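In what follows, chain A forms one complex with chain B and a second complex with chain C.
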Partner chain A sequence: MKRNRVSGFGIVGVIVLLSLAPLFLESYYLHLAILVFIYVMMTSSLRTIYISGQMSLGHAASMAIGAYTSAMLAKHLGWPMWFTMPLGGLAAMIVGVLVGLPFSRLRAIYFSMASLFFGMMVTTLVALAPEWTGHYAGLPAIPRLFGFSKVPYYYFFLALVLLTLLILYRLEHSRLGMTVKSVAQSYLAASSRGINERGIRILSLGIGGFFAGIAGAGYAHYAGFIAPESFGVMPSIFLLVYLLAGGKGSFAGPIVGTAVLYLIPYAMAGFEGYAPFFQAAALFAVLYLIPDGIVGLPRQIMSWVRRLRDRKKAEYAA
Partner chain B sequence: MTSSIYILVALGFALVFSVMRIMNFAHGAIYMIGGFVAYNFWVPLGLGPWVSLPLTMLTMGLFGLFIERVCFRPFQKDFEKATVMAVGLIIVLKTGADLTVGPLAKGMPPLVRGSIMTVGVSIPADKLAVLLIVCILLAVLVLFIQKSKFGQAMLAIAHDADAASLMGVNIHRISGLVCATGCALAGLAGGLVGSVLVLDVAIANLMLVKIIAVVILAGIGSIGGIWAGGLLLGAVDALGPYFLPNVIYDPFALALVVLILVIRPQGFFGREM
Partner chain C sequence: MLLRTIGLTRYFGGLAAVSNVDMSIDEGQIVGLIGPNGAGKTTLINLISGFLRPSSGSIIFDGHDVTRMKPHLHARIGIGRCFQAIPLFAEFTTFENIVASFYLSADTSLWGSLFNTRRYRRKEKDILKQAEENLEFVGLREVKDELGKNLPHGHQKVLDLAAALAVKPKLLLLDEPIGGMDQDEADLALKAIKRVHAGGATILLVEHNVSVVMGLCDRIVVINYGRKIAEGTPEEVRGNAEVIRAYFGGDYAA
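Now for the complex of A and B:
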């Protein structure tokens, strides 16, 4: 109980700090924060899919669907953004479900391969209707949500990401969440308990897709410009890297992972080209040394310290 | 010619999978790196193709040994971690290429080897040469696998790794050799393609998709099916754009592969994983 209260205060504290940030930070840092918020939404929604036992290598495609849907509707048809954004999320969710119908039959590796292909396929679709999508060069002049200042965007995305995280958290820690995790652990056991394990997986794909779509739509109406490359194979791979490096076992994993790894290139002014090395290094560190990810770092250090101490004790005894 | 290249690279991928049960997603990146390495031997250092290509194979082979030892061996039992490892490798290799070759400096076409033969007017000599080289190499490889002790060991491990080790086969050494061979083949393919088409950082993922498509068509775990899969894919790749406008072809081809994956994951020749 005590731990819950402490971390509860911690979270409230963080939220308060974040809310006050625009008073201290200049526009550039607000911009970074907004990007982090958006990508945290992406990574967390990837986790939603991940905990159902499916490792998706094409998550950025859902972001693309949401982004392009909302952008095209708002730009070409002039529909209000408050309407098109949820539509974008909906579109991504529907595609997620439709794709999930056949894909949920596939086991682990096959699913990853299929999702990789799917991700690639989505980025090639822009060529189908170039006047609408802007082809591979991208879609410019997308209506933006607010004006010039970054501040309203900051609060908008802060609210959005908090809402997303809240929903995802409650979902994961509900009966449904347990069911999803059980499917991941053993679909045979789950289905023998009467759980519709395929349905659960499709559901996860839908939910994950929905929030990715919302994030994508938000991004489109913030940046004002979207291009297929931002949603291709490598971005999908990086999302997975953020998730895994941060810690796939805990809800905070993707949040921490994204916040840390996504900013690495921005922290290396002038040397951004080398940034992926550090991101990959973080991934390798997690693979070899700290399986629980960055989130599990304190615990891992404790276990190392303990192991050292035990070894010392044994030496003295002998 | 395209088919032969696909077969070459896909074979390496399939061999590594058969023996080590690891999906080396980074294989496409290795192919790309091989191409750049070959380029570096060929042009700046001025060695001719006949020296650069074998050198590239050697270099990539050594790299393959390194990968097996450091990257894949610790995670052989854990599929998920191995996949993550491969993903990390992709990032490292691609970034390395981006940095050394430069993201802007796309396509550095090495010399076209117009000096070989001038057959008919309609057949470009360099592509024919590539085809010939690949065919010879594949034939040698097949003979090697079937006749030599290493080859037998490979097949044994692919069939049943534990039984093989009980019979005295050094799994680690053979795995290393297989990985090295796979990388060498991919590297050679990269070098060869570089001489006929252009080299670019982007080809890594493109090739990865093609390889996986071939493996899916052939069936995971089946080596023999790779021939058919590669031929089929090469044919489709060459003829497809004639039948479908380019715009539709890209997503369509990908969707088709996905369809096959969903309907028949074992492919045409494979066995269930």
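Now for the complex of A and C:
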């Protein structure tokens, strides 16, 4: 109970700090913060799929579907963005469910491979209707949500990411979340308890797809320009790296992982070329040293300290 | 008659793992399914619980034709099952394993989970209470908060039983419920099985330990090479020449 209250205060503190940030930060940092918000939505929605036992290597495809749906409807048809953005999420959700129908028959690495190739396929679809999608060169002049200042965008995406996290948190810590996690642990036990395990995994794909689609739509109307390469295989793999590095086992993992790893290249002004090395180093650190990810670091350090102390004690005793 | 199989057959490649089995179970019975290794016992259980589709034949349960029904729907009409190799929710605690198994009693709507509605809360509260009872029932209270994967084998098996009870089965299929257990664990499991039966469930169990089966079951079905070779009360089966031949080889059938 006490621990809950402490972390509750912590969360409120972080939200207050984030809401005050535009008072102190220049627009370049607000820009970075906005991108982090968008990618936190991506990584957290990827985790929603992950906890059902499906490791997707094509999550950026959902972002692409949301981004292109909303961007094209707003740009070519002039539909209002408050309407096209939810449609983008809906489109990504529907595609997630449709893809899930056959893909939920696959397990483990076979699902991952299928999602990888699906992700590759989605971005090539831009070639089908070049005058609508801008082909491989990208779609420019997408209507923007607000004017030139970053501040309204900042608050908009802060609100959006908080709402997304709230919903995903509630879902994960409910009967539905428990069911999703049980399916990942044993589909045999789950189905013999009456759980339609394929249905549950399809549902996870739908929910994860929805929020990724919303993130993509937001991104399109923030950046004003989208291109297929932003949603290809590498971005999908990076999302997975953020998730694993942050800590796949905890809700905070993808949030922390994205915030840290996404910002590494920007923190290394002048040495951006080396950023992949640092991101790889972070991943290897997680794989070999801190299996619970960055969020597990404090506890991991405690256990190292304890072990060191015990060894010292043993030396004195000897 | 609660369960009836008619000409149930299942091929794996060219091999008939279960061949033309007619079997019936009356409500309230404990029926033992025995046979030598590889006789097709687990295949038969998998067919009845829907994890395998029969090549031919049919299965009637409680008036429903369940021959080609999906496994999760079996649970909904009252067929529960425990497994030989235990498929626990390894990262859940003992208690969470049972709570998660009460899926059919829960409000599983997106709406209920998201908004914590009154209906959702009431159902979850009921489930917690029933899960405590199930825990008590199988005697796992001391290990309530242990992770499933850290439990000893015997406790895992009994937990599987407690979790299977969460679907409130009319028919419970048990695949070697005391396999690999030491005497204390087996006693615990057998006590739990007897209590389940006393609570009104019909039971079909596969078991290698013949003396346990003889002591526990009202009726025994013997299969060998996928075929039913004998059926009857423990006494009848014990004296059956074909059963003796199946277990000990032809020379002993004197």
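Keep this in mind: the second predicted complex is superposed on the first by the 316 of 318 C-alpha atoms of A that agree within 3 Å, B and C clash if a C-alpha of one lies under 4 Å from a C-alpha of the other, contacts with A are read in each partner's own complex, and residues count from 1 in each chain.
As a convention for this text, a contact is a pair of C-beta atoms (placed from the backbone, for glycine too) under 8 Å apart; a residue touches a chain by one contact, two chains touch by 3 or more.
Everything numeric in this text was worked out from a predicted model, so none of it was measured.
Engineer: Does the superposition put A:195 against chain B (first), chain C (second), both, or neither?
Structural biologist: Second partner only, chain C.
Engineer: Between chain B and chain C, whom does A:300 touch in the aligned arrangement: first, second, both, or neither?
Structural biologist: Neither partner.
Engineer: Residues of chain A touched by chain B versus by chain C: which partner has the larger set?
Structural biologist: After superposition, B is the partner touching more of chain A.
Engineer: Taking the superposition as given, does A:19 touch the first partner, chain B, the second, chain C, both, or neither?
Structural biologist: A:19 sits against neither chain B nor chain C.
Engineer: Looking at A:250, would you say it contacts chain B, chain C, both, or neither? Reply first, second, both or neither.
Structural biologist: In the superposition, A:250 touches no partner, neither chain B nor chain C.
Engineer: Considering only touches as defined above, state whether A:124 meets chain B (first), chain C (second), both or neither.
Structural biologist: Once the two structures are laid over each other on A, A:124 reaches chain B alone.
Engineer: Would you tell me the residues on chain A in contact with chain B in one complex that are also in contact with chain C in the other?
Structural biologist: On chain A, no residue contacts both chain B in one structure and chain C in the other.
Engineer: Along chain A, where are the residues that touch chain C in the complex?
Structural biologist: Residues 167, 170-171, 174-179, 181-182, 185-186, 188-197.
Engineer: Could you list, by residue number, the parts of chain C that touch chain A in their complex?
Structural biologist: These residues of chain C touch chain A: 49, 51, 70-76, 80-81, 83, 87-92, 96, 99-104, 106-108, 110, 112-114, 116, 120, 124, 160, 163-164, 166-167.
Engineer: Contact residues on chain B for chain A in the complex?
Structural biologist: It is residues 23, 74-75, 79-81, 83-85, 87-88, 90-92, 94-95, 98-99, 205, 209, 212, 216, 246-248, 250-251, 254-255, 257-258, 261-262, 265, 273 of chain B that touch chain A.
Engineer: In the complex of these two chains, what residues of chain A are touching chain B?
Structural biologist: 55, 102-103, 105-106, 108-110, 112-114, 116-118, 120-122, 124-125, 127-128, 233-234, 237-238, 240-241, 244, 273-274, 276-277, 279-280, 283-284, 287-288
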